[in-house]
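Structures are listed in the sections that come next.
Next, two complexes with subunit A in common: one pairs it with subunit B, the other with subunit C.
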Partner chain A sequence: MTRAPDGKAAGFALLLVVAGSAWAQAAAPAADGALTALIRWAPLIGQGFVLNVLISVIAMAVGTLLGLFLGLGQVAPSRWVARPAVAATQFFRNAPWLVLLFYCIFILPFRITLFGTTVDVPNWLRATAGLTLPVMANVSEIVRGAVQSVPSGQWEGAASLALSRRKTLWLVILPQCLKRMLPPWMNLYAILLMSTPLASIVGVEEALTMTRNALGAERRSELLIPFYGALLVAFFCACWPIALATRRLEAYAARERTG
Partner chain B sequence: MTSRTTRRWAIAGALAACLGLAAPLPAAAQQAGDTLSRIMREGVLKVGVRADYRPWGFRNPAGEFVGMEIEMAKDVAATLGVRPEFVPVVAANRMQFLAQGQIDLMIATMSDTAERRRVVGIVHPNYYSSGFNVLLPKQVTTTDWNALRGRQLCAIQGAWYNRPATERYGVEILAFTGIAEVETALRQRRCVGWLYDDNLIAVMLASGQWSDFHMPLPSQSDTPWGLAVRLDDLDKPWGRFMSGMVAHWHRSGKLLAWEKEAGIAESAFLRRMHEALKDHIQ
Partner chain C sequence: MDLIESLFRGLNESAGINLTILYDPFDRARFWAGFLMTVYLAATSVVASVMLGVLGAAAQKSPVAPLRWLTDGYVAFFRNTPPLVQMYFFFFGLGSITPTVPDDLGFPTPLIGNVAWAIVALALFAGAFNVEIFRSGIEAVPQGTAEAATALGLSRLQSYRLVVLPLAFRICLPALNNNLVNLVKTTTLAYAIGVPEMLYVSNQIWSDALNVPEMMTTLLILYIGLVTLLVWAMHRWERAMRLPGFGER
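What follows is the complex of A and B.
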């Protein structure tokens, strides 16, 4: 029942590429086929795709760490901690990702001198910082929601065992939250991975940039659809397993709650 | 009690880190010293080039940069005895990258305009020149630009000629980010013609892939292209050195040779410059 739509999704993706290639063949009998051209450029575009994955993994890891603290800050009893945490979360959650990206690319230093050694900060790393900010804010909201969804009885129980607030959080509340946080967290990762082509606008040499460069070098308009189609399929292949696993986990969590 | 305080400090620290990440840091401390000697010291020349503008600057399937402007950059590096490092730029970020100091030289199909001279140091003499024209289907035979008033033309976003064409001849621009997208739109007849660089239209027509198209209108606004250094480098050794490089390329005919290698029809500008600067002693 739940598997049927997934099969359809994969079928649709395949159809896209086949249709794209067929369209290209029909449009251009000249030169070599779209598939040959695609194979020629695949290593370069694949190299770009590795960068997409790398950017998303780093942004997710750092964003999750920062977001965890920011989320806990949101539910902190002290106003002086909670208010700035809420403000930062809301600010970065409601800012367009592309604007944050531009901001980081043009504001962060491209070269850092630490203890006499000069290190170049590559473009993609600054773009990663730009994507980390919205991830942080979204993780912060996920953490806040999960912590607040734990029944208050758990807090009271922990208090009766004379656990400090910190111990209650780390030993009682957060382990229970983990299961609830995992599906939205994975969802966020899939969205992040799909957003990494935004970095092409600021000149990062990721898969979309490489695809455009390949198209610019080939200068054959009939390649446009198959090349972008292949890119679509590559992202689909990376994101679909995550979506599948997320649904499994959600179903599992639902059973746990009801059963 | 102490754990509570530590936790607070931890959270405050994390917050400060987050905010610090977003706080406007001073834009790249400009290297106060002389750029030329820094390049020599570091042994690397960072050049901003196009990666999507065949045949001037583009990539081959191995990912290497190739094209006429890449040859120019390689020659600069070879003259200095340093390694060239290519940074891909687009029209929208090339001047920022240079001003920030991410690159020390920009050879990126940029035409030399008064507004741009206020932002970056455009080196003279100019190394190239081109005008704009329209690639039209053969059914359209007009030789008068005014016949295109109110008609829709496809073009590349950010191209310098989009504005003069709109202002002078009242054409409407349908702008795309890449060449492949424009070609597709033109083939799908979403616009009458393609407003583009006249040399490039000549390259396209010579390729045989555009046999249903021609270029019946006279070219407009022949505009020189300039390579650029940072504004404060223009009258320093680095800017003066680059001026010498360009003059030498004109004199030796290297630019003409690179243009030919790239498959571009010989431009009148390069011929004229070569004639003016070539060695008078045979």
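What follows is the complex of A and C.
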């Protein structure tokens, strides 16, 4: 049902930000303009952005793996498996991401001793663990929804072929789920990427921290709008294509269903 | 009250579980204030974002093309950028160019404080999602219903307000529910711009009393309690407003 979003909208949004920074630049009495300052700091902020992407990729990979098993646990026939899995999913889905992040930053050890060697756990890795928890819970829900949306005839068919429950899941049900899970999974990745700046609150040196540092070094209030605006545009450029691809996939799936 | 205080004081001495908010009057007062601030942030931004959603969905159907582009641009931009950066952009960026007024001591203070900016940022972020949600709800209302309203002599605005919107609202309640739960969770971001909400005061308390695990657990339980309360209320509402002839049962 969703109408394809036109490029005009995105263009308009970008135009607003560019006009805003141009205005700030015109209003600036300082030696160099906002754009020059932005270009000077771009490599440093870019480094921070790489960390954002790294955190999101690790959290997504680990969260997906854990969430897959948690989701299968939710649909397990045994009550002793299903109930705790449902409870864990609901708990981590309903807790604010920032609170989970704080939880992991404070509760996880900052140093681990394994077989006599002491390893420091960097801040960003603990933040990644904090973001993994809500990803896990959301993937768990995606998996549950997809498994339950497969027609029961598929289960019966697999049973008539004498497949065990495990084989039914891995060979019959999950392959059919993949297509249904892909759009919400991509949507979740975009949400995760947009949540990585939360790590700056707990002191991880990602793009938002770097932007704040750059602004602190410049000490010019007219740079605030262009710098934060540019950071918004950078995230927009990363997340917008994902949103577009998700919609296209959803539209494709809807067409396929209706035949 | 004395009983509770002595009970939790004893719990701290015997078991080392230090819940200062239950026996220290100062901590209790500021934690209660933080809780109320979270509820206030959530309530105001929920109302504002729902209003934004209704207005935005109407603007997307407007015959004026620039208004449609503006709405589409707003939705696309706010849905695809991090809410925390949005909040920084509003509070530090736009806050730097808004006028200031002298306070009691003569220091310049911004006309729009951090609480107001937090509400603006939260409402705009959630509002962008609400526009899409209401749009899908409106599109799900059969065309014939709107035509029937026109046939009864209702104007475009009247048929939107009296016929289409009430139906669309019922159709999109589950999606709206989901987004509002997200919004309540997102109020924690106001922490970053110094709004004294529940997470912020908890941070102050655990800095003073060094009781991080206790406060973190309290926070998680309270947030999940708030969300559960909202979900429960919305589900009741959903059931009360259910359309006969739609969905199962």
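Please note the rule applied: the second predicted complex is superposed on the first by the 250 of 259 C-alpha atoms of A that agree within 3 Å, B and C clash if a C-alpha of one lies under 4 Å from a C-alpha of the other, contacts with A are read in each partner's own complex, and residues count from 1 in each chain.
We adopt the following convention: a residue touches a chain if its C-beta (ideal position, glycine included) is under 8 Å from a C-beta of that chain, and two chains touch if they have at least 3 such contacts.
Predicted, not measured: the structure shown is a model, and the values here were computed from it.
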Could you check whether subunit B and subunit C clash or fit when both are placed on subunit A?
clash
In the superposed arrangement, which partner chain does A:L72 touch: subunit B (first), subunit C (second), both, or neither?
first
Using the touch definition from the top, say if A:M136 reaches subunit B (first), subunit C (second), both or neither.
first
Which partner chains sit in contact with A:A88 here, subunit B, subunit C, both or neither? Use first/second/both/neither.
first
For A:I107 in the superposed arrangement: first (subunit B), second (subunit C), both or neither?
both
Determine, under the contact definition given at the top, whether A:F235 touches first (subunit B), second (subunit C), both, or neither.
second
Touching partner for A:R40 - first (subunit B), second (subunit C), both, neither
first
Output check: A:R219 vs subunit B and subunit C. Expected answer is one of first, second, both, neither. What do you get?
first
Partner chain(s) touched by A:R165 [first = subunit B, second = subunit C, both, neither]:
first
Where does subunit B run into subunit C after the fit on chain A, at 183-191, 201-209, 219-227 or 237-245?
183-191
Across the two complexes, what residues of subunit A are contacted by subunit B and by subunit C?
103, 106-107, 212, 215, 221, 224-225
Residue numbers on subunit A that touch subunit B, as the complex places them
27, 30, 40-41, 43-44, 47, 66, 69-70, 72-73, 76, 78, 81, 84-85, 88, 92, 103-104, 106-111, 129, 132-133, 136, 164-166, 202-203, 205, 209-210, 212-221, 223-225
Contact set on subunit C toward subunit A in their complex:
69-70, 72-77, 79-86, 88-89, 92-94, 96-97, 132, 136, 139-140, 181, 185-189, 191-192, 199, 212-213, 216, 219-220, 223-224, 227-228
Quick check on the complex: what are the subunit A residues that touch subunit C?
1-2, 5-6, 8-13, 16, 91, 94-100, 102-103, 106-107, 190, 193-198, 200-201, 208, 212, 215, 221-222, 224-225, 227-229, 231-232, 235-236, 239-240, 243
Footprint of subunit A on subunit B - complex, ascending:
3-4, 7-8, 10-12, 14-15, 17-19, 21-22, 24-25, 27-29, 51-54, 58-63, 88-90, 93, 96-97, 100-102, 177-181, 183-184, 186-187, 204, 209
